[in-house]
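One structure is given below, encoded as structure tokens.
The first chain written gets the first letter, and so on, giving A, B, C and D; residue counts start at 1 in each chain.
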Amino acid sequence: SSDIPEDDAAGAASSEQAQDGGEGAKFFDQAAYDRQLALAGTAPRGPADKPWEQMLDPQMTDTAKYAKKGGAKGVHLCFSNAGVFNPWRQVGLKNMKAEVELHEEITKFTVLDAQGKDDKQISDIQELSGKGCDALIVSPNTTATLTPAVQEACGKLPVIVFDRGVQTDCGVTFISPIGGYAYGAAAADFLTGKVAKGGKIVALRISPGVDVLENRWAAAKKAFDKAGLQVAEVKFTDGDPSKAKSIVSDALSRHGTIDGVWMDSGATAVAAVEAFEDAGKDVPPITGEDQQDFLQAWKDKDLTAIAPAYPTFQWRTPVIAALRVLGGQEVPKQWVLPQPVVTEENFDTYYKDGMPPLHYGACGCEKLPGYPGAWGGK
Amino acid sequence: MTTDTTTTTTTARTAPARALRRLGAGGPVYALLVILLAALAITDAGFFEPDSFLAFVKRAAPLVILAAGQYLVIVSGGFDLSVGAVVTAGVVAGAELYGSYPEAPWLLVTVGLVMAGAVVGVANGLITTRLGVPSFITTLGMMLILEGAVFYWTGGSPQGVLPASFREFGRGSAGGWLPWAVPACVVVGAAAVWLMRSDFGRTLLATGDNDRAAHLAGVRVPRVRTLAFVLSGAAAALAAVLIAGFSGVSAQAGRGLEFEAITAVVLGGVLLGGGRGSVVAAMAGAFSLQALFTLLNLQGVSGALESTVQGVIVIAAVGLGATGRPGLSRLRRHRSQPSGGTTS
Amino acid sequence: MTTVPGGSAAPVAPRLPHALGRLRLGDPVVAVWLAALVVTLAGWIVVAADGGDFLTRSTVTGILQNSVALGLVAVGQSMVILTGSLDLSVAYLVSLGTLVAAEMMQSGNVITAILAVLALSAAVGLANGLIVTGLKVNAFIATLGTAFILRGYIEDTYTGPAGHVPASFRRLGYDRIGFVPVSVLLLIAVAVVAWLITRRTRVGHHMYATGGDEHAARLSGVRTGRTVVLAHVLCSLCVGAAALFLAARLGAGAPWAGTDARYDLESIAAVVLGGTALAGGRGGVAGTLGGVLVLSVLDSVFNQLSIDPFFKNVVRGVVIIAAVALFARPPRSDRAGGRQRRGDRGRPGRSGAPGVPGQEKSG
Amino acid sequence: MLTMSSVSKSFLGARVLHGVSLDLEPGEVHALVGENGAGKSTLMKVLAGEYTPDKGTITLDGTARVFSHPVQAQAAGIALIHQEFALLPYRTVAENVFLGREPVRRGLVDRRAMERRTAELLSELDETGIDPRAQVKELSVARQQTVEIVKALAASDVRVLVMDEPTAPLADHEVERLYALIRRLAARGIGILYISHRLREVFDLSRRITVLKDGRKVAALTTAETTTDEVVRAMVGRELRSYYPPRAAPGEISEPLLSVTDAGNERLTDIGLTLRAGEVTGVAGLQGSGRTSLVRALFGAAPFTRGRMTVAGRPLLPGSPRQAIRGGIALVTEDRKAEGLALRQSVRDNALLVTRAVSGVGKREVRGLLERVALRSRGLDQEVRYLSGGNQQKVVIAKWLAARPRVLLFDEPTRGVDVGAKSAIHTLVRELAREGLAVLIVSSELPELIGMSDRILVMSDGALVGELPAGAAEEDVMRLATGGTPDRFEGSAA
């Protein structure tokens, strides 16, 4: 027998892949870019104080066929996690677990961790689809590679995908913030506004080969080119702060001055700031992420900064969505969450005193049970 | 007797001559280092200005310290693959400690971490020597255990902020110009040189060379080997303190450092398998590696291709160093020729 | 695990009936398969106590399925380790293999893609082998260097998952015969071939000889250099097979497929768990499969019990060390060859192999 | 059939063979004898293609041959059974026998054929007790040796078989079997070059005898026309004993420094002996009689498990070398390279190893010591692996002298040591005794043992079976060592 889903949408998948992932970032996808920038300017629907329940431009879809008899009670919820290999995912998983606790109707919550292995996640998904779960949440490790497994699971139970997508729309809903283009553009636009034409920008990227990050960079590059900023260095840091610090120090000694620092995610932002300090230079306009240590540095050092968030509150949404689906309520086919950007103005909303350095400000977790202790805060 | 003349004339060689000979043992690595530094000077005119050169040394310091520790283990005939995990664990544990005791004095935390690193070394050493598990496997297992344990303990991410006082050591400068990491590096280097000239060091080399002969000469082989692991663990923890100071909390501070350290040591002409090599050359290997990273950085080699260049250079350096010198022609472990053992 | 009778092997063996004489408990291969059995039973008990059901069809399928990729890599790794070398470049070769496979399948046909992946693998193995034997670079450094070279190429060329694997080929990753995934048949086929090569062909005999005592092998007319090169090529071919399997399973090439799964260190761990001496010359493919199975069963048990992924690593580390300490260690005393005794007399301890400083002795 | 003419060979500048010539006829057993280090093994390795000669030619069946690899020599029909084992302990007997030339059938190694052929060869040797499928490590040393022989025979069409001390590890009945085999092989027309230190075997088996001394051929004799004495004289080159230093005068032997009573372990029984200051005690015995086990037990390396021992008046039954060293005992092991030296370390570091390892023991200035042992080296920083065997041995002795021991144990102190160094070592040993050390020497070279010792203990089967006074006759020693079988002649060679 074969576990390959009968309705293999191979053709469709491959063409889609060429846009979203894969070589996608090499040739910039104008349509996706435009859509994301438009969404960034749209007002979300939903409760204002609960961004994880908000949705942008939703196309609702009917879920009656998934409704659990007798309503969403005694729910067994399952989650195939790509892994917890970075702080963002760790904060996210805490959010999700806390969200589950909020709902008494969830009686069992099974999490399988793939530890970053696509291969294992495929097996995990297969295993979970035969385990009597009422609904399956998937946070895929890699966009392209989990498609078949998810397709297979779709035939057996409602599947909710979030964070990274898969190349099939068989799931009930796909939850994610606006996307990489919006993220990269938000950061880049900030710099183009602060740095004079011809200014030198250093771009710090985590690692090649991750599509979301490629999109962020593609959008930023476009913005820099348009504004006539000079990208002096594009380097990969592997997420290692000491490598980031070395890169910025070297760039400083090579170029004399750096007028702006762009980065595709926040893990190494503080190291970059410190590189300037240690060289005895003023920190130029810099972008980071909503990670606590960066916000802290921003506050303490009064930086000119911006921090687009890839919000960890999105980890709450799949649970909510699952319950809605099992209750027969409609959900958006593509549940696009707002993607907040931390700026001077809204800084205090995201900065929380006493949280650990690798915490993420846009966690939406402040009212969850166990906060702040479970997130390591005081 | 002719004997006297041979012995006396040849030993009349002076100390500097001997020092030169010692340096010669690591010949290729010094050449490599000089080439890389020259290339750096050409690439970046200001490289040898005191500030930027000291900054370079500061950045190299953790790797140099790791290499010194790794050297001790390698020269005694083992491997320490756990040092990267010790660094990660050290950084995370430091942050975790400060999370619970924000007022902890930096010196106490530093000493505590170094001791903890030493304890890891004790475990490595005892498992290797007493249970007979090859050190490759012992330290590979230890790497999994440490990484797992520290994140399990912290629930995935460290909880505390490292205060400036603790970070001063890795980040700040003495008198405003001399990064603390530089004297730390010098002290560790001097200590390593002293250690290798001491009874212990000589014993360690002999043990790596021929453990049976060492045992029969009264060397407590398991203890000596364990001590090498202990020092390597402590060195790794010290490197963790420097790295934590240099760049702050990170959950992947030590990733891949074990391979970098081993590469540095091998670049220094040290024989994998034990018994041969100088610690100064091993540390020079670490400097070379750091110089190579910096050069690749400054040269603006396409970020992604950096590792390719690095791989080629390391293979070439070790390959040329190996075939160029007859004495080193076998980086493989020598087999002691059986000497007519069955004659009657 | 402590019930594995590794230590007591010598006294037990003579008492066994003659027919069983060749199936000694002290034999690492037997020991590791026993360990796999013990782990499975223990897992079954623990999971049952937890209220679960361990040995269901789907978990068995899962265990088998999850053994395939690591199994293929580890079978290859056994061959180089047997020969006294080591390969740290396997993880990146897996990644590159999936990418090449998926891209070529997207643009061309499956057969050329398979051939291309195997050709690439063979080339990488050849390079490894030549660097080790020709340039005389220690295998640890040589293959680490190759790994870096591959990494640079992958990162420079790919920006994410690439290519597309047609459904026809994906069946390799998904089809099952009953509860046995077909990919397990691939693993078994590769393992059988590797077993045949190592145990039944001349070159295999020479691999054991080269790893066991390079000097003696050379005196007997074994071309040790060639043997090492060939072992590297065979290893890389197995890695290529793993890459093809993963491409089939993933449906696309993934730049991180090999490294995220840490196939380099995990495969070495599996090989050593399977009783192959890190110094070479002893052990084999059969034990390696047992080692892979142990790791896979453990993983499955952890899954069933929803054990914290970080804690899993702790347990894995402990299991690897403990298992090697218990039964994969060279026996303390040999039966008749008194002179071969360790630490007392006999031949000078040839404690090293080309690749790896071997087992330290306690002196 | 085979002629080697004017073969010369040097290692690192040291000339080991000086224009040696040798010829061999089909079916002939030709013995090669000489002192340790005379160059016998080297000559044979040249023949077998392991070493290329610096000068000289090898002619086989009228054609000049140059072998650059053992395999070429094997192909030409020359097989060498090594003095040192070259077997893979973890492989089976059959696999070892056919290593490098495994029979192949349809691409796969034909194990059956391999095992069958091995079994055949083994039964030709009357060694039916060896299972071709057994791992070599499980065999006794004698059987491992047999496997080596079988391995040489399995090589295709052997014309010349070189046996380098094949009987060294064999027991008497095994030697008899080997004799039978050798005669059978010779009858087939195979020429056999036979190296042995046991002259009795040489006389039993060979037709001609070539004597090597210091790398030169000093005699070519026909066995039937010569005597043991003549051969020995040719080997040693001077009258025996003439060069040993004078023994201790009665007054020079004083208080006991080490005494053992009722001691034993798994290989030794009822050991009781006393070593006195100023005295050199010799221990004689056949191969495997337990001499090495004895000194290792005294030194704590393979400790006594029972009994009492006193060192310099204090009770001490050493459980490890370290304890023994602290008690003032030193052991010069029989296997210098494997157990005595760290070959990649310098002369200085080796000489100071004990002093450094056991802190509080010994002195740290080695130059004087190295002069005392008359070391020839290119300086204290030279790695010991570049020294000649004799000089390596001197470094080992210096290492122990640095530790200022009271009791010095020597296991085969002059094995593989050339004549000059040998006499220097002999002189040194006597001087040390004269300075008040207690010395014990184990040596397989009976003349040496007799020449050096003030008293000789004889071992057999792990027990001390007798004691003989200074200057005992070799026959007396041998009679005791062989348990009263008087006609066994052993070890008189050098």
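Everything below uses one rule, namely that a contact is a pair of C-beta atoms (placed from the backbone, for glycine too) under 8 Å apart; a residue touches a chain by one contact, two chains touch by 3 or more.
In this text, all values refer to a predicted model and were calculated from it rather than measured experimentally.
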Remotest chain, subunit B as reference, centres from CA atoms: D
Contact pairs, highest-scoring chain pair: B-C
Inter-chain centre distance, subunit A versus subunit C - centres from mean C-alpha coordinates, in Å: 36
Intercentroid distance (Cα basis), subunit D paired with subunit A, Å: 74
Where subunit B and subunit D are represented by their mean Cα positions, the distance between them in whole Å: 43
Where subunit B touches two or more other chains at once, by residue number: 156, 210, 212, 214-215, 219-220, 303-304, 334, 336, 338, 341
Residues of subunit D whose C-beta touches two or more other chains: 85, 141, 301, 335, 337-339
Residue numbers of subunit A (touch at least two other chains): 84, 208, 236
Chain pairs in mutual contact under the definition given at the outset: A-B, A-C, B-C, B-D, C-D
Residues of subunit C defined as touching subunit D within the complex: 22, 196, 200-202, 204-206, 208-209, 212-213, 215-217, 219-222, 281-282, 334-340, 344-345, 347-349
For the subunit A and subunit B complex, residues of the former touching the latter: 84, 86-87, 90-91, 93-94, 205, 208, 233-236, 238-242, 244-247, 249-250, 253-254, 267, 270-271, 274, 278, 293, 296, 356-359, 376
List of subunit D residues in touch with subunit B within their complex: 36, 41, 83-85, 141, 165, 168-169, 197-198, 286-287, 299, 301, 321-322, 325-326, 331, 333-345, 349-350, 352-354, 356-359, 361, 367, 370-371, 374-382, 389, 399, 415-416, 444, 490-491
Residues of subunit B touching subunit D in the complex: 1-4, 6-8, 10-11, 13, 18, 21, 199-200, 202-203, 205-206, 209-210, 212-220, 275-276, 334, 336-344
Subunit C to subunit A touching residues, read off their complex: 58-59, 61-62, 65-66, 69, 106, 154-156, 158-164, 166-167, 170-171, 173-178, 246, 249-252, 254-257, 260-261, 299, 303, 306, 309-310, 312
